[in-house]
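Note that the chains are named A, B, C and D in the order they appear, and that numbering of residues resets to 1 at the start of each chain.
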Amino acid sequence: MIKVGIIGGTGYTGVELLRILSRHPGIELGVITSRNEAGTAVADHFPSLRGVVDHDFVDPASAHLSDCDLVFSATPNGVAMEYARGLIEAGVRVIDIAADFRIKDKIIWERWYGMEHACPELLAESVYGLPELNRERIRDAYLVANPGCYPTAVILGLAPLLEDQCVDPANLIADAKSGVSGAGRSAKLGSLFTEAGDSLKAYAVGGHRHQPEIHQALAGLTTKDVGLTFVPHLAPMIRGIHATIYATATGSSQNFQDIFEKKYGAEPFVDVMPADQHPDTRSVRGSNLCRIAIHQPGGGDRLVVLSVIDNLVKGAAGQAVQNMNIMFGLDETMGLEMPPLLP
Amino acid sequence: MIKVGIIGGTGYTGVELLRILSRHPGIELGVITSRNEAGTAVADHFPSLRGVVDHDFVDPASAHLSDCDLVFSATPNGVAMEYARGLIEAGVRVIDIAADFRIKDKIIWERWYGMEHACPELLAESVYGLPELNRERIRDAYLVANPGCYPTAVILGLAPLLEDQCVDPANLIADAKSGVSGAGRSAKLGSLFTEAGDSLKAYAVGGHRHQPEIHQALAGLTTKDVGLTFVPHLAPMIRGIHATIYATATGSSQNFQDIFEKKYGAEPFVDVMPADQHPDTRSVRGSNLCRIAIHQPGGGDRLVVLSVIDNLVKGAAGQAVQNMNIMFGLDETMGLEMPPLLP
Amino acid sequence: MIKVGIIGGTGYTGVELLRILSRHPGIELGVITSRNEAGTAVADHFPSLRGVVDHDFVDPASAHLSDCDLVFSATPNGVAMEYARGLIEAGVRVIDIAADFRIKDKIIWERWYGMEHACPELLAESVYGLPELNRERIRDAYLVANPGCYPTAVILGLAPLLEDQCVDPANLIADAKSGVSGAGRSAKLGSLFTEAGDSLKAYAVGGHRHQPEIHQALAGLTTKDVGLTFVPHLAPMIRGIHATIYATATGSSQNFQDIFEKKYGAEPFVDVMPADQHPDTRSVRGSNLCRIAIHQPGGGDRLVVLSVIDNLVKGAAGQAVQNMNIMFGLDETMGLEMPPLLP
Amino acid sequence: MIKVGIIGGTGYTGVELLRILSRHPGIELGVITSRNEAGTAVADHFPSLRGVVDHDFVDPASAHLSDCDLVFSATPNGVAMEYARGLIEAGVRVIDIAADFRIKDKIIWERWYGMEHACPELLAESVYGLPELNRERIRDAYLVANPGCYPTAVILGLAPLLEDQCVDPANLIADAKSGVSGAGRSAKLGSLFTEAGDSLKAYAVGGHRHQPEIHQALAGLTTKDVGLTFVPHLAPMIRGIHATIYATATGSSQNFQDIFEKKYGAEPFVDVMPADQHPDTRSVRGSNLCRIAIHQPGGGDRLVVLSVIDNLVKGAAGQAVQNMNIMFGLDETMGLEMPPLLP
């Protein structure tokens, strides 16, 4: 049994991690920390976990995290970098679900996250935890940077095309729509039911933190320059990301459906739909799946890739558990077999 | 392994049954019938089940249902009564998730369902499948009438009070709010997103089919006359029922919290919340739980019981699986351990 | 032209007042105050008002409110009582849309609102601004306490029955469901899209501030003791209140439909639906209407009244404008003729 | 007073036309036809219009449409073309809110709409009713083809750039998101609350009827070849279209904000937001506005235009009334001054 700790268990990533881990046969849930809720029963904080999780939140100062084999960090950005070094030195492997170790370039990271990085040397050592691209490196990693939600959907939708060199990497567009849980469980005016409900808007068109993260991953798949326009939108739904990706085919005609099916045919958590279909976000709700469809409207050189995930599962807690399974030699799907909840 | 068949698998009860049964370790999924979708892959009909269920829908005429140990009937009302007798004679046990066998009195059934009953003799023999009230009789039943969604929430909310004889059974009110999935997966104008969305209304205030079903169950718990006003409402949510139940306490003061905790303390699927709490429907989303809170505002004689379920799980497919587990001597919670999906 | 000021224009009542007043032909919009947003253009704060309202928010300290004929107070509770006396002495009439002057009994007010009342002598002088009950007194009032949203729906649904003495006033239940805008435009966790969405719950079953407000109004309509159980619910919609009211008929049978039609036949903003109909909240969205239906299920002595309003219009800003029209001798419907927005 | 008739008043365009026209001071509402609802009171069909519209639906066969000055056709596609010729010959001007006269090329129309056109000679004579592009021709038109909802948002978002020749017309992308009311008021499975709710999907990526309509309008603004990829999405909201438009700037740097402000500065129903802002669909809910923002992320050559409308107002009924006002020499904003409903 792998002994698991969670730092920062009071947000949506936390409750989702607990939902998944509570049914995972290969782990033992150790400590769950929260500075604000220390002493409170987890089940009082999240009534959905009454009878499911018996733990209390523990103050991080008194939590014996070094007894764990693995720690998930589900805190806001900028927290994991403060203690990751200590945990690793104590022999604890770490999966950071926030953004502290996703970007390799310290300068870029600091520009987008607006703070100084506390342990820049770990940026090089961390492994970007997208199993479909980095499975082998994840296996031996002691520090995994769990990808962002938008990046997961967009990178999985573009990787086969870039690897196959059949599109122009300089001319990519990702128009992404996210449910409101992507904004986290914090009391922000723009996330109110009355503000986000029955409405849709783009945001951060001038620049979003996930753009450099996606750019870095795509750049690793091609020797050419990558040019990516990324526009996120807030949609009136709780969970789900729908990325609509536009690319321009180069060279002679290809069977793009085949390219996707070959790339992902053996992947347990990527489902390539048959030609001409359209995935909806609810078809992956509550599951660790990324569902993808590839279109070539009118047979022209413009390709349209549709890629959907549940932002809290494949875009956060589920992918973190998938990474854990890989790191500890478990069946990669362990604890992640739940079918989507529909309707 | 119990061999299971499903008649009528194209509705929301069907997809929910398949979601649950696909992860149930004690059963083998045999045939799934559909008159309209025969020959279609289940996963084409419900993309959420791609990679989860490999079956095709089979025409009921050619389905070998008599090879099954158990058949779930997930059809519209009036269908199960046509073939239940034949299945039972072939040694197949039947759980009807529709309403054909819920009401014991043929006259009342025919008045509310607007058709002649095809096998009235089975009305007496069928067992009302509410495990918290009828567990022992369900164990040996060959025909189980799975309760309606509203009745499940309301009866569980009132049973402890009636059994304890501490409220006036002649003066009960159940004000119930349901998500739109309660109306089923059929193209009705009133169920459109544009009609049911961002709005709330009562319906069938003059009379609803679930009123006599609830009345019958409550009448079985008391020797006095039962008087129940039942008002259903349509709320703009997908899943969930919230029953707000009003009763009048009789006699000297009692500890109502205790009464509920004693009644349900050992029940795996009924959660009595601590005093002064309010369950929300999402806290049981996707799970087989009924969560209940009991209030006595101002310490007066008016009691308010709040009872929430997921109408598709404890109110339909989940309770049907719970009944199956009881009928076949399996652990009652087998296949039903998934925690609620929140947010 | 009536010169109008608004104190506290940054909440939902504020934006709704501005939407209505911007099209009102009888008024001139003077000053709109906000402590936090002073200097900001109203249209920057509420993009829906771009091109509609040209004003900037003004700091209340420097606002010349005493130049106004009328001031609407759209602040949180406890603010209007601080300056109402001063405005009235300067000859300005005041409509408080918050709760400072709704309850006549200082002790009760202070218990429910958790603060000392700053000008208790005004409690007696203020007029409760429900035109259908108090039209004549509103006409000459210099201080109107605009009713709460729940009270508006519940009192209008019960008044005809109490005035007609045909129900037992000691045994009333109001089960009310509100959209999330009832919680105001403030960043509260429970009002997040991800918390309030796709879910429904009761709250404050033990006691809610609107209970004594409703009780006081009902007590004014009968000489007998009033007993009211009031249970509010949060529903996943933006606007709208649906009150489902239960009462017990006394004496010989009556035509309750007639009673309502007689009471409200001449009212411009109360619509009594034909028998057996069910109003939905969206049928009054954006309008100043209260739509009511009266049911007598099975012809028994239990009556069920369904009463719907838009909580921001008839439950707040619209009713305030209706009161203003009455106070200043304008056509009562002026500026309030917009039909509901459906779908 | 202009005498107005409506053919096909039972859909969402119908109820929205009636909402607007009921408050329009320059018209007299004559006849409203419906084949299915003839004899029914409009207010029974749409309770939101109780007390607002007193008419009954009339069978089209017996409706005296030729007495009208103007007829709005709010029927499904393929109906207006059957009677438009007759009305025009009787001296009645016609605004078709459906698609029968939007596409000039009969071959293209018939390919996309799957039927033979009944009066192809009118295709040339009809005027495309987008006032911001065609105001002068609309003034004298006897047959106006009211634009589709997606085309309105997309064309208004691209017109300034194409007219100014500052983008490459061969490389345009419109990623558009629509509320469910765009699918009309008909009982379709995919429009159910339980199917479209809490989910988002693209549809018709292979080709959508609005693509040739948009293409035709854009082609009229440039002498070069137009290449447009158009991908519509269904979003879980009732009203609203959000078009996110991608174009590539050509030539030296320009002030794109200026280009939009110059083009639309005098337009009553197009609001160009200040730089760096993001319109949300709710900011135009219930109003005839199109709100636009122009972005140039990172100062590169990729432009992103955000364009939002209410699909039932500026995308249908409101624009039809705007066209009527122009055709009859009324103030263009008459009856259309209602501010958006927010929240």
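Note that in this section a contact is a pair of C-beta atoms (placed from the backbone, for glycine too) under 8 Å apart; a residue touches a chain by one contact, two chains touch by 3 or more.
Please read all numbers here as calculations on a predicted model, not as lab measurements.
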{"item": "Pair joined by more contacting C-beta pairs (A-C or B-C)", "value": "B-C"}
{"item": "Interface sides of subunit B and subunit D: same vs different residues, half threshold", "value": "same"}
{"item": "Subunit A and subunit B: spacing of chain centres that average the CA atoms, whole Å", "value": "36"}
{"item": "Centre-of-Cα separation between subunit C and subunit A, whole angstrom", "value": "45"}
{"item": "Distance from the mean Cα position of subunit C to that of subunit B, given in whole angstrom", "value": "39"}
{"item": "Residues of subunit A whose C-beta touches two or more other chains", "value": "12, 179, 181, 185, 194-195, 197-198, 236, 238-239, 279-280, 282-283, 285, 343"}
{"item": "For the subunit A and subunit B complex, residues of the former touching the latter", "value": "12, 15, 19, 22-23, 46-52, 181, 185, 197-198, 238-239, 271, 273, 277, 279-280, 282-287, 291, 337-343"}
{"item": "Subunit C residues within the subunit A interface of the complex", "value": "12, 179-181, 183, 185-189, 191-198, 236, 238"}
{"item": "Residues of subunit C touching subunit B in the complex", "value": "173, 175, 177, 179, 194-195, 197-203, 205-207, 227, 229, 231, 233, 235-240, 242, 244, 246, 276, 278-283, 285, 295, 297-298, 300, 302, 304, 306, 308, 343"}
